[in-house]
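Think of it as A, B and C in the order they're written, each chain with its own count starting at 1.
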Amino acid sequence: MASAHGILPLKLNDLRFDAGGRTIIHGISAQITAGPATIILGANGAGKSVLMRLMHGLLRPTSGSIDWHGQAEPRVRRGQSMVFQRPVMLRRSALDNILYALKLARVPAAERKGIAMEALREVGIADIAHRSARVLSGGEQQRLALARAWALHPEVLFLDEPTANLDPGATREIENVIKAFDASGTKIVMSTHNLGQARRLGDEVLFIHQGRLAEQTPIETFFRQPASAEAAAFVKGELPWV
Amino acid sequence: MGMILRVALALLVSASVHAQPKFITVASTTSTEQSGLFKHLLPAFEKKTGIQVRVVALGTGQSLDMGKRGDADVVFVHAKQLEEKFVAEGYGVKRFEVMYNDFVLVGPKTDPAKVGGGKDIVAALQKIKAVQAPFASRGDKSGTHFAELQLWKAAGIDIAKDKGPWYRDTGSGMGPTLNTAAGMNAYALTDRGTWLSFKNRADLVISVEGDQRLFNQYGVILVNPAKHAHIKKEMGQAFVDWVISSEGQAAIAEYKIDGKQLFFPNAKN
Amino acid sequence: MNSLGEALRGAVDLLFSGDTTLGGIVALSLAVSLSAVALATLLGLPLGAAIAVGRFRGRRALIVLLNALMGLPPVVVGLLVYLLLSRAGPLGDLGLLFTPPAMVIAQTVLVLPIIAALCRQSVEDAWIEYEEQLRSLGAAGVRAALTLIWDIRFSLVTAVLAGLGRALAEVGAVIIVGGNIDGVTRVMTTTIALETSKGDLPLALSLGFILIALVIMLNAAAHLIKEAAQRRYG
């Protein structure tokens, strides 16, 4: 929910990113508001991952600006979490991984265990709280990553192709958790290849084509009547790999 | 961070200082250490005075350098000229003669220079150079090395100029030099003590001995406390006094290997 | 070849003879080298990790230098530490020369670059996997470096073992700063050097076999611990 101290809406102004002598993001301007689950769509190499990392602060733009409702660090960082395509867990128990994140976020020590266990229950892996995180299955680790993000109660949750490496069963479980996040008021920004998943989870689409923002439309409009020719081609599955 | 370092260093130091009995550091040569003399001599001194003697066995040159730096309380070496210079330059208090042994020339049983059984070291060296028989030298500024250089000089040979590939400069202690000589079937000058306790002789035997010029004098000097305030002068002096006392001298004479006496006490009381 | 067999038998005899001098020498070798490795680990792991995750001017030059220092000749280290600790030197008043602490200092200097450089490499490799996630969670710089060290602790065992192997095997540094004093600063390697120079090669070789056996045992123990931990933690 947007509030005076919230970090949304997020305004991207003419964002540009160069690396290795190439321009990967060409002047993207957009506004991301609280409420609708935003899906970032595009072909491989279009720049989805780079755009998400720019928004989350893992990369610095070559030019242009990122404005989180005028808020400053560390408020901006605290308000976001990110789940990556491959979950990265520390060599400790599932519970300890969440406790680590809570400690970094300076949550008071007495509250940490309670919050962590609640998060584990929320994603349905409370029974393996004490198992070593790195020996869990791919689906379990990704759910743990979501639990870790949940425990931090972020305003914005970024997800970079979270189910790309999972089987359909695990994918369904992850989608359910994401839906729960969405329902609880967290702003979802997710990139995916899976058009069905986009339809199931998303409310609006940011379509990226070769580093440019081709269009930003509500989800059903995008699939039925995309505004750009590139989007139309993408939806028809004809977009060549960049 | 600096505080932690200082505390750690202080702990290290106190651990190293307080854990130890009273002791002195004596810089000596490899010949006295490796012949086993100190193993025989020092327990008697320690029993009498309760002072532990820590011997750092290096070459004469390095031992005297240690004395100059103040890293040793006493030096016990065998190079008279260098010792006298040490005292004259103010690094040592007084030089006392302690004991002597002799050098011997060892060489291969096959004796290519035909010097075996001789009593003239100078003539032997001349023959060795003449046939260019292999010769292993210490080359490490030790007492033995100095003695060797004096002998070449006495033989009228400028060894620095006239040496050839037959002259092998090992730059190492007596043991390693003998190892090299044994391995190459070369002649070498060694003190008798080291030779008697040396176990890797291969085909080496004594070729020349008994020449007066092979006389090898050992001296003991207390390092000058005026140059280095921390020198343990009372304990060091006690050691010097004991070594030249009748008791110390008797202990030196007692030391034998296979029934042969190695060092001959000759302190002037 | 029969001198090898003789030496092997000699080693076994020595081991079971209960010789207290030998026991003291082995104990001192372990005490000095283990202390040096402990110190070098304490200093070297954070150093290596900090260089791995840090970004600063001259970082590449520092990495090259650190790697090069792995090959520091022990005898040179010994000489430098000797000049430092000598009475005529800057730290002479500490009276550390020719004592076991001096040997620990010299070996720490020798081993520190090995542990730091190998840690740097391991942490840098791990950083590739962990960087985004850790930065996303808000861990950077020192925090991230320490988290990584703890997380890859089992692969750092290899770095520590490399350092321990170097320390136990070297003779150049400890013989200069320790003086090879009988009963005070004599360790396995300096004893082997001494017996060799006295020409007692079988004894030297026997001691050598004991030293090798010791190093093998330490490595085996570390390997088993590593395996067990990997099974548990993944």
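Criterion: a contact is a pair of C-beta atoms (placed from the backbone, for glycine too) under 8 Å apart; a residue touches a chain by one contact, two chains touch by 3 or more.
Please read these numbers as outputs of a predicted model, since none were measured by experiment.
Among the chain pairings, B-C comes first (most C-beta pairs in contact).
Central chain assignment: C. Criterion: smallest distance from chain C-alpha mean to the mean of all protein C-alpha atoms. We define each chain's centre as the mean of its Cα atoms; on that basis chain B and chain C are separated by 33 Å. Separation between the centroids of chain A and chain B, computed from CA atoms only, is 79 Å. Averaged C-alpha coordinates put the centre of chain A at 46 Å from the centre of chain C. By the touch criterion given at the top, residues 9, 12-13, 15-17, 20, 25, 30, 34, 38-39, 54-57, 68-71, 172-176, 178-179, 182, 197-201, 228, 230 of chain B touch chain C in their complex. Contact residues of chain A toward chain C in the complex are 53, 56, 58, 74, 77-78, 81-82, 84, 87-88, 90-92, 100-101, 104-105, 132-135.
Residues 129-130, 132-139, 143, 147, 151-153, 232-234 of chain C touch chain A in their complex.
The part of chain C that touches chain B in the complex is made up of residues 86-89, 92-101, 104, 179-182, 184, 194, 196-201.
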